[in-house]
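Dropping a structure here in structure tokens format, bear with me for questions.
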Amino acid sequence: MEKRVIKKDALAGIIKKMAENMVVYAPVRDEDNVLFTVLEEEMEPLLEFDNTKNAPKNFFFPQTEVMMRYMKTERGRELSTVEGEATPAVLFGVRPCDARSFVLLDNVFNDPKYKDPYYIDRREKTTIVSLACVQPPYTTCFCTSVDGHPFSAEGADVLLVDLGDTYLAEFVTPKGEELLKKMGDLPAADEALEAKKEKLSDAAGKAVNGVVPGRAIKSWMDENFEHPFWDTIHQSCLACGTCTYLCPTCHCFDITDEIKKEDGRRIRSWDSCMSWLFTMETSGHNPRPSQKQRWRQRAMHKFKYFVDNYDAIACVGCGRCVMYCPVNIDIRKIVTDISNL
Amino acid sequence: MQNPYIPIPVDVDKVITEVTTKDIKTFRLTFVNKEDEERFSYMPGQFAELSIFGKGESPIGIASSPTQPGYLEFTVQRAGVVTSELHSIEEGFRMGVRGPLGNTWPIDYLKGKNVVIVGGGFAFTTLRSLINYMIHEGNRADFGKITVVYGAREPGLLIYKDELAAWEKRDDIDMNVTVDKGDATWTGREGFVPAVCEQVAPGSENAVAVICGPPIMIRFTLPVFFNLGFSKDNIYTSLEMRMKCGIGKCGRCNVGSKYVCKDGPVFSLAELDKLTKEY
Amino acid sequence: MTEKTNENWEPKIIAFVCNWCTYAGADLAGISRLQYPPNVRLVRLPCSGRVNPFYVVKALQEGMDGVLVSGCHPGECHYISGNLSARRKFAMLKNFLSYVGIEPDRAIFTWVSASEGEKFSQVIKGVTEKVRALGPAQKLVKKL
Amino acid sequence: MENIEKQVREQAKKLLADGTVDIVVGYEKGTLPFQTIPCFITNPDDAERLVWNRFCSVNLAKYVHDIIFAHKASQVRTKPEERTKKTVGIVARGCTTRSLVIHLQEKQYDRDQVVIIGVPCTGYIANKKLSMAVNGAEITTCTVAGDALSVETKGGKRDITVNEVLADSCLTCRFNNPVISDVMIGDAAPPMPDGEKEYNAVDAFEELPIDERWAYFTKEMAKCIRCYACRNTCPSCYCKVCFVEQSQPRWVGAGIDESDTQVFQFMRMFHMVGRCVDCGSCVEVCPMGVDLRKFLKKLDKDDLQLFNHRAGESLESAPSLSVHRENDKEEFIFEP
């Protein structure tokens, strides 16, 4: 693994230079939101930020994408083009929790039997540069409770660590090393810097505020699908999709057709298990008729079903759902409460 | 990389109106490209997404049997956006099929055993596929006694009438077609499916029951089979759920950790018992 | 999009008209052989009160350059007050469309009675001219 | 305010204990440093959980509708003569009571199914404004003493006044005291500071050139992620099936297509004609900070100017689109 040093004041320049020749996604301030956006010439990438409001899953699994287009013919409508060809890109400034989410999503979209070509194509062509959390950004962070770490390189091709006046850059995958070639001459890192990183890493791990028994509750969930506890969490839920849409690991989608005049397209767009329509059948039967069942589904999917299927928790502990839930339904509290039952 | 979301082009070769209410039709589809037909290898119990560009997709069980090469058949009730559109199309229309999807009736497990098939109303489609598969001359010897109990509310609502008549004439399959209430022309059996099952009383020795029908029928039929001595491992059924992708990604058809589209739709009662009751 | 940039562009207008007055007025205009531009497609509804404001917005989204809604004059509604409740809806709708930045002349409301064949042809001329002056609709239009 | 909180608890306890209500909807403390969240009390002893403070933001009227309808739905298989009614107690300030008035005017439930514990209101603190006041930094503690607010972030401590961060709809509110109630708590609150400036922002927006208005609308709607939090928190949005969810016809596409989002927001807002009480809940819950109020307030202004009506002002004043007058203004009618 290549380990290099980048001067702090040089990083923005390196990113902007990269952006001249390829698509670079970076966090940018937009009014009161910090969002990942395509870095255009006049834009400044944000290097000092807590985390973005939108999860970067959007770049591999966009909120809305065209899957295929079709045209009217004499016999009906026929496929004209298949969409989804991606351009190579760099995703810069991803927090380690969000980078881990890609590894979790790979389980679903890069399943051995059915591969999702749209997701995989973008994933393969994108290089991910992570930024370790020297200071866990929020009090709502709980990555260490769900198998993550503020310095985790899982899912990243390059991991940047802020060492004060320099960044230590670890090029952890071949894709990352490929990117190194585009970054110009960077001096190699020495062992002292490594040691400094290890120290910071330990401190950061300990500084994560939220500690919940993410793994431990599965055994309870295995046995307690019907438990009065499930009656207690959903009452204030607005059934909006904020938690699922801001979540880095939520991946449910809908497929719909749209036509204008004769021609049309088939799109897929994010869907949310919080919506009554999600499971509603044409007959009028709904296997998850109330918010209680929907909340149980969301909690169980993250902490049991996903673990059953992929041996991983479908939560990276970023805390977005905790912070942005309009009525403050707190997944950390749910997990803790379950563990106390 | 194969794109599992792209429908295979097919032409509507034949449309058969199955019932007097006209809201159930069978569509015979032929592949536009020969190589697609070869790739589309399926077994009874599987389903496919019928795809009409401009309207969307709808998951429907395959009603034809792999022993009937050259075409696929789907029997569809008019209900939502896609199925309503399907009901309005004519022969010659080009549409799409995505599949085959899901698992199959447990064919290998059925081999060497007596098979009891119980169907109600319009849910007879993949059972029909199974029957045609088992009675095909190349396969018949693999299976023991085949008993069929099939019921509908009234004679006009029985589907595959010609085929039912043809099966009645065979001596290697025990047909028991019933209606809840007959009419002036009906000379066959009258009575509910569970009652008929009781009368027919197939032995549970080395036998498997395959049941598919409306929930109310299933609820009253299962006790009959338990009384006959069938174990939960030897009763199979097929689940229905809202589906979109059909390949275990879009996330809506799960029952617990299992996806009906990928891990189902066929489950034994023993398997269903292990799942959460959320379907 | 090609047709929109075409120099031969002709405004495409949809008119939701009531069965009892405006549609009859259009009939009268036809019988009287009055000339008016062919840019308007008529959709007949029982009453202007039946026109859901969504029809207007949806027509704009689907790419209509203008929408006209016309019913009986106040006091003459076949259903007594359908047009009066329509008037309230459309007063709000017209203001709101304009407020978010849609040109006010994209959505036009008027009254034409069964005896006003001449007025009908004048309305169509007027509406077509107004929409022509605005040029092709760009806002709210869905592009696939 | 502590006094009001105390009385709210006492009232809730009493109503539950004597069986007047089956459930009380109020606010309780959340898990984030200062957030208050809706809570549902059925046991009189739990009334101690209720709080009343400047962070009580979302309009609770929505839950009254939800609870009553969920109860109704649970009784479809019960014989008519055996069906029971659910009575809901609610901690309600001015805007909440106006939403209840709209429910009652639209015959959603009977007046005796809701017991209103009216509280005077001096406005709630808007999350978005508070966050902007500290440059988006995460707030670790936030305490209010009268009109002074002390906010702590990682970067340090800041003192601000409550008025700087009150929700816009509170600053110009003219109904900060309940318009109907069964039990009133405390003395009526004084008028809010900017009542007279209620439509200033709308007036200013109307003056902008049309393309600038469109540019603003486009920019704001582009933020929307179609999570529907605005719709779902709105007490006036109670349709069983919303138009966005209908499939035959499909009014609006499911994705975040620019035009679909604009049409969705435009039509949802238009459904608020004469029914928006300017409680600010939609703005408060929006995760992306879309400026919905700029548009909703226009409908409010036109409603007042054209029809002399204010949503939910009183039980007697019917929603403006359900009535009409012979002499309603019609300057907008085209005459060739």
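Going in written order, the chains are labelled A, B, C and D, and every chain counts its residues from 1.
Just so it is clear, a contact is a pair of C-beta atoms (placed from the backbone, for glycine too) under 8 Å apart; a residue touches a chain by one contact, two chains touch by 3 or more.
What you are looking at is a predicted structure, and each value in this text was computed from that prediction instead of being measured.
Visitor: Would you mind telling me which chain pair, B-D or A-B, is linked by more contacting C-beta pairs?
Guide: Between B-D and A-B, the larger count of C-beta pairs in contact belongs to A-B.
Visitor: Quick one: subunit B and subunit C, Cα centre-to-centre, how many Å?
Guide: Those two chain centres are 51 Å apart.
Visitor: Just how far, in Å, is the C-alpha centre of subunit B from the one of subunit A?
Guide: Distance between chain centres: 40 Å.
Visitor: Take the average of all CA coordinates in subunit A, do the same for subunit C, and state the distance between these two points in whole angstrom.
Guide: Going by mean C-alpha positions, subunit A sits 48 Å from subunit C.
Visitor: Can you list the subunit C residues in contact with two or more other chains?
Guide: Residues 142-143 of subunit C touch two or more partner chains.
Visitor: Could you check subunit A for residues that touch two or more other chains and list them?
Guide: 254, 256, 258-259, 264, 271 - these are the residues of subunit A that touch more than one other chain.
Visitor: Give the residues of subunit D touching no fewer than two other chains, as numbers and ranges.
Guide: 250, 253, 257
Visitor: Taking touching chains as linked, do they make an open path (line), a single closed cycle (ring), a hub with spokes (star), an all-linked set (complete), or other?
Guide: other
Visitor: Could you list each pair of chains that touch one another?
Guide: In this structure, the chains touch in these pairs: A-B, A-C, A-D, B-D, C-D.
Visitor: Taking the complex as given, what residues does subunit A use to touch subunit D?
Guide: Going by the criterion above, the answer is residues 31-34, 50, 53-54, 63-64, 135, 137-140, 235-236, 238-242, 245-246, 254, 256, 258, 267, 269, 271-272, 275, 277, 290, 322-324, 326-330, 332-333.
Visitor: Taking the touch rule as given, give the residues of subunit A at its contact with subunit C in the complex, in rising order.
Guide: Of all residues in subunit A, those touching subunit C are 69, 258-260, 263-265.
Visitor: Given the complex with subunit A, which residues does subunit B contribute to the contact?
Guide: Checking each residue of subunit B against subunit A gives 1-7, 9, 11, 52-57, 79-80, 83, 89, 92-96, 240-242, 244-245, 247-257, 262, 276-279.
Visitor: Going by the contact rule set out above, which residues of subunit D touch subunit A in the complex?
Guide: 30-33, 35, 37-40, 58, 62-63, 70, 128, 131-132, 136-138, 140, 154, 223, 225-229, 231-233, 245, 250, 253-257, 284-285, 287-289
Visitor: Once bound in the complex, which stretches of subunit C touch subunit A?
Guide: Against subunit A, subunit C makes touches at 62-63, 142-144.
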